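Here it is: the structure, laid out below.
Chain lettering (A, B, C and D) follows the sequence in which the chains are written, and residue indices restart at 1 in each chain.
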Amino acid sequence: MPGTVAQAGSASSGTYRASDIVKSYGSVPVLKGLSVSLHPGRIHTTMGENGAGKSTLFKVMAGLVQPNGGTLHLDDAPLLLSSPHEAHLHGIYLVPQEPALMPELTVAETMFVGQLPTTGRWRRIDWSAMRARAQEALHALGLDIDVDAQSRRLSIAQQQQVECAKALLRGCRVILFDEPTSPLTTHEVDRLFSTMRRLRGEGYTLAFISHRMDEVLDISDDISVLRDGALVDSVERPEFDRTRLLSQMVGREMRTIPRRSWSSATTEAVLTVDGLAHAPSFAEVGFTLHRGEILGLAGLVGAGRTEIAETIFGLRRCDAGSVVLDGAPITGLPTHEIIRKGLVYAPEDRARHGAVLPMTIAQNVSAGLIERVRRRWGLMDRDDEDRIGAEAVSQYRVRCAGTDQTLRELSGGNQQKVVFGKWMGLSPAVAILDEPTRGVDVGAKDEIYELIEARARAGTAILVISSEMEELVRLCDRILSIYEGRIVAELHGDGITPERLGRSYLSHAGLGAAA
Amino acid sequence: MSAPALQAAAALPVRPRPARGSAWLRRDLREIALVGVTIATVLVVGAFHRDFMSLQNLRFMMLGCVVLSLLSLGQTVVIATRGIDLSVAPVLGLSAMVTGLMAQTGGLPLYGAFAIALAIGLVLGTLNGLLVARLAIPPIITTLGTYSLYSGLIFLYSDGTQVDSVPHAYATLGNGVVASVLPVPIPVLVLGIVLLLMWFIIGHTRFGRAVLAIGNNQAAAYNAGIPVTITQVGAYTISGVLAALAGLMFLSYTGSATVTTGTGDHMELQSIAVALIGGTAIAGGRGNALGTVLGSLFLSVILTALVFVHVPPIWYSAGEGVMILLAVTAGRGARA
Amino acid sequence: MTQTIIRGARSLRAAVAALPLLLGTALAGHAADIDTSKPIKVAMVPKLVGLSVFKANEQGAQTAAKALNIDFLYTGPVTASAQGQVDVFNSLIARRFNVITTTSNNPTQLAPALRRARKQGIKVVSYDSDVSPDARDFFIQNTDYAAFGKALVESVAKYTGPDAKIAILSSTPDATIQNEWIKALTAYMKATYPKMQIVTTQYGQSSPSQSLTAGLNILQANPDVTGIIAPDGAAEVGAAAAVQKLGRTGKVAVGGCSDPDSIRQYVKSGIIKESPLWDEVKEGELVMYVARLAANNAIQRNGTFTAGDLGSFTAKDGVIVFSTPLIFNAGNIDQYKF
Amino acid sequence: MSGGRNDVTARRGASRRLPLGNWERALLVLLVLLTLGLVAAVPGFYPGFGDFLALSENFLPFGLVALGLTTVILTGGIDLSVGTTASLAAIVMAELWTGLHLSIWIAALLGVASGALLGLVNGLIITRLRTEPLIATLATSFIYGSIATALAGDNPPSGFPDSFNRLGTGAIGGILPYQIVLFGVLAAFFSALISRSAFGRKVVMIGYNTEAARYAGIRVDRIVTLSYVISGTTAALAGIVLAAYYSAVRPDMGSILLLSTITTVVLGGVSIFGGDGSIAGVVIAVLLLGMLRQGMLIAGFSDMVTTMVTGAILLGAIALKNLFAGRGTGLATLLRRLRIRPAATT
């Protein structure tokens, strides 16, 4: 088995074509006969709104999903993939967005799962060879990860890097990345792109999915744009055109995203955080949030922004400092009391934290404060609950068949709107929104921005945590930069530009130039 | 730790491997702790009651844990896949009953008994596995259902009779020593062989690692090309076979089998308890053979110690309950 | 009289002769004396199906049922639980059985269901383990408790000497019949062997494996114990197996009660010298006679009756003592197969 | 999702109007067919209305346990200690009655309270020590069992006053058993509790997604603990009813409850993983399994056959459920392919 980059050899093969792929789930067509081709030594990017079929296409190409029609050709030989494992055997590897952990196993074993090297007559596992080769592969990619560490200790970025090394270990020549950058910080994205460029240089065939225009324009050689399960555009560097790509994706003229010309911020302090600390995530965090203001928290993933929010929200223990809401201290209060006092938090991971996907829209909306549903005989009045759900659906423009539809059936953007409806229905004094547009397609993003702005105009103070600079630049009156658990910079008004923002927290990482 | 850029990495010399000792020590902590606590119990109780430390008592404490250890080894493999096997008790009972009755009335030779026990374990265990892996019935429900079915089989087969005595060869298997110069009881030897085998299977074969991988993350295991269905079925088959072997050892050791053998003593719950004490994670993905056997030995030592210090017998099961809680909470502390 | 029998039991001839002698004026009655014209349905409900002891009762009952024109059913729960027995009773009531005979898992839990049966005109005959007196018409007691207690003590006392340290290995702490026996044997011991001492009482839960473990533990933890009295089938086997495994044959005497099949090997190897019981097969026959007579209303709660070849018996307040203890030893055990 | 922007805002689905889902309806049909079949085919099964109703006295204690256990299973947990809790509570009651000469009813009340306390201990071990429910309740079931045996002594009390015993075997007007009344009231209460109360909503939410519930400000530990308290309480109540039924207590009287009750709850359509399920389904399953067992016994099948059939039904039902939910491979896939026209392939 070709084990490392060094052994990978020259780029003589690896042209991977998918032709006329058709796939439908039940009666819903997802892919309507589309074709793409990937070439060795090139990075192919697939763009498109959520639901355009990008992930499904990649899954078909990686053997995770069986198409209803169409063909796959690797180096002009037809290919039938019945499982991801078979794809691996043909040298095709899909790096999932959030690699599946084997938390109890060591990093080395995780890398070799399914292909553990054996030795001797008894075919016992060759642990030392495995560790050595795992270490070699990680080093070749410039990664410093302890192969004996338990996998549960890896960050998402490290997990992705381990996945890359896994692809190499399996001798795969075609590596597909399913939206690899969305959980990563800018710094980590740079690292990933370096790796990808290096692999491109060695003749690997690479493809990835992204929503982020900047990085797409930065790294791609070919771009395919998908819309509603069909290929609508296909361009090669250098014919990239940001506006054209955007409009192709959404199928309409994309408004440019300017900074907001107005501000609803007042000088009335609603939330005052002082000297807040939670070891080891962050310390000495202090800021004031005003009525109607949209305040951004920028920083790398892992800088402590989510931890700050969760500490304010009472989900984590508070080691030091104080939080004052509307003049009353809420430090260390349990979450349900904090909600009752008017502070809400929409977490970044909807499926795990933000919503209960098997429950209905109405039930999810009322979950924020079950007590607000009217009682009859001490029981929850279902009509009232439906009414609350329906209100949220119409106010936040949730596209659904009815309030009794389960959240699982909705798209990411609509799920997020339901989460919004849950919290905004309480007319909170403060709303903390953690990555509010994560996994939301471009069109819905705009709608969500408008909802946030409308809420601010109604007087709610909003704290937005985001890793997308564009988002922060567009939304915020003021932005705090967090680096390693401390506030390192504050930008406001016209001082907010992507360049300054990037520099504000990246310069501390010693990589300021990258921004 | 700041990460070097990729370009620089190529030039990096391969660093010396990090000391594997520390990581391994961390993972083997439970076994070391179990051995420590077991020895401590023997010494402390032995200081007050000399007979507790007598070679004979030590041997019987080992003998006493053989059947439960065999059962728990199978349970360990199943729990490691994130499953559970409640049907081990009736499988044990059925194996003891069938081989016992055939030996008692038909003079079934010992090798025949092994063959029959293995066949019973193989068939019943595989059936569990197929129900879990192929029909996607949750393990606890599957084995709850087969618990009833297999218990019924014992009645059907025995038709209300019981095994009271076994031929000489069986008694030797259950009570003899390997050789007069080597006074190791044969059941302990059998357990030793099975332990070695299971240690090798879980720790050093692709199948064993696949079991753990499935317990960690079934979808990822599938995607990595692990034959999930076969591995799952295999885990239940192993559990069935070991339970049947435990039944044969039970028969040989006690010379008896009744319709309530296994189920009457709630062996299924005991085996789960032992696996947990031995460090198997109930959520799957972690489990090893040595820990399980040490856990079983520890339990045997503690329960015998309770007799020596004259704790009334009604509190033995409470002692077991307390130990499960201690083992599980202490285990978590060590891993954090 | 009992004294005579126990001494006599040491010889094979006496033991064989003893039973019919004791059962009253031998060969006085025949099945023909009993009105068997109308067929009746009788069920025998053991503590649980699948134990040899109960199977031995069934064996005798089957024989007698044929002679008595009884439609016989042997049924019971699969676990030794009162709930299981009650479920069975209820089904028997619904199926209009004429007589239910049962040995109870415990005396109290079964009572309401059996009372219900009696209310519907079903006769209830308990044997072996009794239920509350108001829940049954007749109880066939295996042996007189005092006599059995004495037999249990004697089964080890002769071999350990009068000042031995004795351990008791019973089934469960709340097993009625075992507790009655333990009470009787303690009283007898105090009176006859005042220097004898009971050092520990352990329980084997009627499970062979737990009994064995308990037996081993007794002997390991109390090295000065020279006799174990185990008044429970599984317990006696467990105690004997423990003595054998520890190589204390000849040093520790085991006594108790168990069916001959399960202790045969230990009696032959000398670990168990004597083990009192009664003839389970014949007891099963008697159960059917009593059932038939009760269904015919041909038996009084106080009075005597004749049960075919078994002889005549006396009922006192509905309690019929089946026999005096039958003592198995190496000499006679091979005559009994159950 | 496609569909118009906001043309449909609120819609009450069919599932909301009917109190029963597909699974529950299937069970109900099965129950009716089974009962009718048994009445028609098994002599003695229907001896009269009162006696027919009285059949339920033999299995409704299982139903009581099932109600509480359902609450726990809906949170994604399990309570293996219900059997020993039932025994212990009954023994506590009996000992208070004989030992302290309390009125039997006060003693019964204290018995139920002790069950709540035992449940609280379970809940606290699970939430405070962060122990898996399976492990925690396995351990406490051993411990409670020991305590029950110790308290019971070698001669556990029996012979309770007749007024109390009627709770187990009496009937209003000789027709309607008190047990049915008790179970009916509690079933209605639990149905409202689970599907209509805030507590029930929180239970279900925790069962589906504990983390999301925590992030929504639900006091997860408190709700989970409370669900074990409820489970302990209903188990204790079952123990008390059993005590009245037998007019006696034994330290092992509850041990038969555990496995059968889990079977019932699962057959009732409650997902062992939490969140999914309804009290209606469990109630129907209680009646279904109870009637089946009584019917088979009366028809002359042995306890053994009845037990085996129960096991087979459990496996068959869940396999069938998976079949319709589209889970599983092998046989399930095979059958599904028979049901759905295969998609076209090139």
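One rule holds in what follows: a residue touches a chain if its C-beta (ideal position, glycine included) is under 8 Å from a C-beta of that chain, and two chains touch if they have at least 3 such contacts.
Just so we're clear, the structure is a prediction, and the values are computed from it rather than from any experiment.
K.L.:
List every chain that touches both chain A and chain D.
P.N.:
The shared contacts of chain A and chain D, listed by label, come to B.
K.L.:
Which pair wins on C-beta contacts, A-B or C-D?
P.N.:
The comparison resolves to A-B.
K.L.:
Cα centroid separation between chain A and chain B, in whole Å?
P.N.:
That pair's centroid distance is 43 Å.
K.L.:
Roughly how far is chain C from chain D, going centre to centre by Cα mean, in whole Å?
P.N.:
39
K.L.:
At what distance in angstrom does the C-alpha mean of chain C lie from that of chain B?
P.N.:
Each chain's C-alpha centroid was found; their separation is 38 Å.
K.L.:
State, to the nearest whole Å, the distance from the C-alpha centre of chain B to the C-alpha centre of chain D.
P.N.:
Taking the mean C-alpha position of each chain, the two centres sit 31 Å apart.
K.L.:
If you look at chain B, which of its residues touch at least two other chains?
P.N.:
Residues 151-152, 155, 314.
K.L.:
Touching at least two other chains at once: which residues of chain C meet that condition?
P.N.:
49, 78-79, 173
K.L.:
Among the residues of chain D, which ones contact at least 2 other chains?
P.N.:
Chain D, residues with two or more chain partners: 149, 304, 307.
K.L.:
Show me the residue ranges of chain B that touch chain A in the complex, using the header's touch definition.
P.N.:
Listed in rising order, the residues are 1-10, 12, 14-15, 17-18, 20, 23, 200, 203-206, 209-210, 212-213, 215-217, 219-226, 281, 285-286.
K.L.:
In their shared complex, at which residues does chain C touch chain B?
P.N.:
It is residues 48-52, 54-55, 58, 74, 78-80, 173, 200, 202-203, 205-210, 212-214, 216-218, 220-221, 223, 234, 237-238, 241, 244-246, 261-265 of chain C that touch chain B.
K.L.:
For a test of understanding, state which residues of chain C touch chain D in their complex under the given definition.
P.N.:
Those in contact with chain D are residues 49, 75-79, 81-84, 86-88, 90-91, 94-96, 106-112, 116, 132, 173-174, 179.
K.L.:
With touch defined as at the start, can you tell me which chain B residues reach chain C in the complex?
P.N.:
49, 51-52, 54, 56-57, 60, 63-64, 67, 151-152, 154-155, 158, 160-162, 164-165, 175, 250, 253-261, 263-265, 303-304, 307-308, 310, 313-314
K.L.:
Touching chain D in the complex: which residues of chain B?
P.N.:
The contact residues of chain B facing chain D are 84, 130-131, 133-138, 140-142, 144-149, 151-152, 155-156, 229, 269, 272-273, 276, 282-283, 312, 314-322, 324-325, 328-329, 332.
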